[in-house]
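One chain, subunit A, appears in both complexes that follow, with subunit B as partner in the first and subunit C in the second.
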Partner chain A sequence: MSSPKAQLEKLPRSVQVLLALGAVALAAFPLVPSDSADFYLQMLSQMMILAIFAMSLDLLQGVSGLVSLGHAAYFGLAGYALAFLTPADTPISLWWALPVSALGAGLAALVIGFFVVRTHGIYFIMVTMAFAQMVFFLFFDNKELGGSDGLYVNFRPDATLFGWAGIDLENKTTFYYFTLAMLVAVYAFLRRLLFSPFGRVLAGIRVNEHRMRAVGYGTFGYKLAAFTLAGTLAGVAGFLWAAQTGFVNPDLMGFHMSAHAIMMVILGGMGNFAGAIVGAFAFEYVMHFFKDLTKHWQLLMGGFIVLVVVFAPRGLLGLSEKFQRRRGVNSDE
Partner chain B sequence: MSDLLLSARSLTKRFGGLAAVNDVSVDLFRDHIHAVIGPNGAGKSTLTNLLSGDLPPTSGSITLNGTETAGHSPESISRLGLGRSYQKTNIFLPFTVWDNVRLAAQSRERHWPWNPLRWIGSAQAMAGVNQRCERAIELAGLTHRSQTVAGTTSHGEQRQLEIAMTLATEPTVLLLDEPLAGMGQAEAESMIALLQKLKKDHAMMLVEHDMDAVFSLADQLTVMVNGQVIASGTPAEVRSDPLVQAAYLGEDHA
Partner chain C sequence: MDFANFLIQLLNSLQYGLLLFMLAAGLTLIFGIMGVVNLAHGSFYMLGAYLAWFLASQFDSLVLAIVVGTLLAVALGWALEWLLFRHFYHRDHLDQVLLTFGLIYIFEEVRSILWGDDVHSVPVPELVNWSIPLTDNLSYPVYRLVISAVCVALALGLYLLISKTRLGMKIRAGAFNREMTEALGINIRLIHGVVFALGVALAAIAGMIASPISSVYPGMGSSVLIMCFVVVVIGGIGSVRGALVAALMVGLVDTFGKVLLPQIAGMAVYMLMAGVLLYKPEGLFKQ
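Right after this comes the complex of A and B.
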């Protein structure tokens, strides 16, 4: 029997170092003086938000083996929630708008998950996509919900806490650091979850759901909980996106957004959350690079994805392991 | 007299016009090994699947530890104290032996997927689970392999792992579907010794093709052909049954 490919759950030291350096670089970036600082701050903020979104999908796709082609629905719903919650003349408090928006997305995931989690394989992919398209057209076709043009978020949320106004999210640098803190927090939470009793059950379901049931696990409940949690975290990302860009439209929950998230997770490497972060940054970077190069960037992007899938089937993080093996170093055996 | 832990009455499973299991009754007692034999396609594995909940019976009843379980899900039947192993090795290939068994052991903790405390604690730090896991691995004779990735172990070790996972759920009834299949002489001998050791605390149903093992282990034998029971009794009774000799034992045991 060939040696089965375990997912890269335990990160090799090289990847740990890479992530730490990346976090330091992100933290230090605003300190570097630059003429176009605002532009890069916004771009990096968006990359970090997409990284949170990709990690939330990885909980389903990489950890539980549930490939959702409709994950953007929950991202977009939370963004719309912020747009609806924000009054026309004054900002809304972050401390209740964020939980309400994220939990709202989670509630939608719970309801939709109740139906889709019963299906397997290709049917799961189809049904998650179908529900997401329903959500998309609900907003696309309804003028009251903003229609195809979308809605403006009039103010970024107000982070005043018990009278202390130290965090001003209207400030681009502050928003950037807030997003970075959220990225680190979500990553730390998901890494703990991966090795928790709950996370081990999800991994077991990915590998062999039949056997999980035979030893006594009600797998439906676990998959539904994972789907709901993933929807909630996608909601956190969608909320930040709406706050960052100041506007929402149906594209946020569209098919392309869902597909991009899947590609980010595959690109970086599935099932360990670090890959999702790396994949999100790499995907966005390469996309911007190609966009600057030519208006036919999508063709290049497609070629790039194909190359990665062919030559690095376990994603960019998988490559790091390959090199390490070649050097005879293997920290996690 | 030993106690009756599982009693199946008139179990029937039809696939379209075919009755894969037809009016079969089985009683499993503690400290008893009940072997089910029969040629390929006799319905032995289907019977096992009906008892474990992998398939719902078309008709008939199953009582497991006092609860009616016909048509229940495999997970609820497992939690009522039934453990089964599979004919085709059915394990978590990418996980280590330890993680395979640990996962099985963890299923007996109170677990509710919506409890956030279960999302952040460490799975490896559950003392009760680790104890059960260690005991099951030791019983199955895999202690020296516990940190090996299951997919890289030998066929015989994977069969032992099947048993270890089943034991980690602390069942009272064991359904073992060809535990000796494909094993070498030495491996088979240690498996037989293990089954003998397990007999005392469990009611056991053994589906097996290895006749030497069956006759040395079984307290009771049921012979199935074409979904039906053609004989049932002690090994001596079954061995002398002319119907059985004609249908099954004929060639090598006449």
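Right after this comes the complex of A and C.
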């Protein structure tokens, strides 16, 4: 059965420095003049959105020990919510479309969570996947919901606040900074949550659920709350994705999207949210790299995934820790 | 719905359910005995169908293609167990999920390199390419009955293998207590290899015999994989009997759902699963 892997909950100094440098680099990037700035801005925005998505999954996978293979359903649902909420002739206000879309995804997670959270281990993996597939087919089969072609989001949300139109999301650079701000906010929120009493209970459930029950925690409620919260945050990411690409289709909630999110979390290192961010960037970079390299990129991608699982199951942050420890041992001798 | 129509739908659901059972039986056996989740199980179905198409065009005979294809599938299963899966029995389910997800990509691309991305069809063998007339304008193709018959025969063979033979006794012992079985001098690694190859072969055979009625296309593995998961979850992981009951239920619900309530047909099976989970969170036949 699954054993709780050691998590880097408290980030080592080196990782903290790396994250701070990364944030500065992301903030400074649009200032660098470049011929293909638009392309890179879009690509980095997408990576940041996926990082938010991966962090939301990490709350389940790394913190609570609940491996969801259907997390993309909530990502996609919020994207569809934006597509349905946006009228044909005018943009919708960001300040109510974002909460409504994210909470809509959260509501779906609450309903589905009610069924899936009562299962354990391998059942949880299979059942989350099956429910996500149900949502997928609901949209795929129904022409009224866009069918297999999906829907267009006619306008990016309008961020005018009390008459102040300082944020124009139609501008790529502004959208980029808005996404960066959301990434930092979600990260700060989840880090805070990790060390809150709620986060401690979730970590306790990962390590030994029976013991948590014996101590007197109603683990069902905690797991359902974590599932709902993770769905809501995935919804935030899905909303941003739909706003950025202007287009939603059932693939957003498909099996591959869910598995990619798991892969991002693993690749970076689970349970500390920093790993999810690193993993999302690394995974997307590798995928773009392989896609540019050859039309048979799936072979390389599959090989890459297999190699990571065989040789670095604790992810990039885990590797850096191992490396440091080895160095530490050497210096002691 | 008149009787002839009802009979046709019933036979269709039976055939679909039995085919699902072939796939789910391998999945549930591999999980029950080795504790491995195999997302790549659908890929074996897809590879089987492509093998049937390719070999049938080479040999001009579907039966010969199925025999050769089955041997190739056994070899593939054996090699995969030996090279990769063997090292993952004690690993986290999460690692197994990722490993087998990576394998899906690899199998899809290998298929694309070997045989391209086109949709193919496999001709039904001449001998069974006719229909039984039911009414003036309704008839039932014999090949679908052949599929059901082959599945029933294999299911029966599987049952006899597991419950009546010496090998089956060892397999059951290994599922019950791995260490104790090893301590008694049984080569559990060999048993694992046999079970894995058996699971792969069953999935590939399902793909091969289904190829004449469903076209052979690239994404065919993933849709069938998810149905298999539903079957295994409803039946209870590790239970072959549960897989049979659940596969027949899913076949009935899916086929009649499409006829009676086409708007929600895609979701009907998942609703069945949700209902079963509410009532029995670990499946109908939890081991």
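Criterion: the second predicted complex is superposed on the first by the 323 of 333 C-alpha atoms of A that agree within 3 Å, B and C clash if a C-alpha of one lies under 4 Å from a C-alpha of the other, contacts with A are read in each partner's own complex, and residues count from 1 in each chain.
Basically, contacts are C-beta pairs under 8 Å (C-beta built on N, C-alpha and C of every residue); 3 or more make two chains touch, one makes a residue touch a chain.
Owing to the predicted nature of the structure, the values given are computational and were not obtained by experimental measurement.
Asks: Examine A:Tyr222 and indicate which partner it touches, taking first as subunit B and second as subunit C; both and neither are also allowed.
Replies: Touch partner of A:Tyr222: subunit B, not subunit C.
Asks: Applying the touch criterion given at the start, work out whether A:Arg213 contacts subunit B, subunit C, both or neither, answering first, second, both or neither.
Replies: Only subunit B is touched by A:Arg213; subunit C is not.
Asks: Would you check which partner chain A:Val201 touches, where first means subunit B only, second means subunit C only, and both and neither mean what they say?
Replies: So A:Val201 only meets subunit B here.
Asks: Considering only the touch criterion stated at the top, classify A:Leu107 as touching first (subunit B), second (subunit C), both, or neither.
Replies: Neither: A:Leu107 stays clear of subunit B and subunit C.
Asks: Is A:Leu69 touching anything from subunit B or subunit C once the two structures are fitted on A? First, second, both or neither.
Replies: Touch partner of A:Leu69: subunit C, not subunit B.
Asks: What is the contact status of A:Arg192 with respect to subunit B (first) and subunit C (second): first, second, both, or neither?
Replies: Only subunit B; A:Arg192 stays clear of subunit C.
Asks: Look at A:Leu319 in the shared chain and tell me whether it touches subunit B only, subunit C only, both, or neither; answer first, second, both or neither.
Replies: Once the two structures are laid over each other on A, A:Leu319 reaches no partner at all.
Asks: Just to be sure I follow: which residues of subunit A are touched by subunit B in one complex and then by subunit C in the other one?
Replies: Residues common to the subunit A contacts of subunit C and of subunit B are 1-3, 5, listed in rising order.
Asks: Could you pull out which subunit C residues touch subunit A in their complex?
Replies: Spelled out, the residues of subunit C in touch with subunit A are 31, 37, 39, 84, 87, 91-95, 97-99, 101-110, 112-113, 222, 226, 229-230, 232-233, 237, 263, 265-267, 270-271, 273-274, 277-278, 281-283.
Asks: Okay, in this complex, where on subunit B does subunit A touch?
Replies: That would be residues 52, 54, 73-76, 78-79, 83-84, 86, 90-95, 99, 102-104, 106-109, 111-114, 118-124, 126, 149, 151-152, 165-166, 168-169 of subunit B.
Asks: Under the touch definition given earlier, write down the residues of subunit A that touch subunit C in their complex.
Replies: Touching subunit C: residues 1-3, 5, 61, 67, 69, 115-116, 118-119, 121-123, 125-127, 129-131, 133-134, 137-138, 140-142, 255, 259, 262-263, 266, 296, 298-299, 301-306, 308-310, 313 of subunit A.
Asks: What residues of subunit A sit close enough to touch subunit B in their complex?
Replies: 1-7, 189, 192-193, 195-201, 203-204, 207-208, 210-219, 221-222, 224-226, 229
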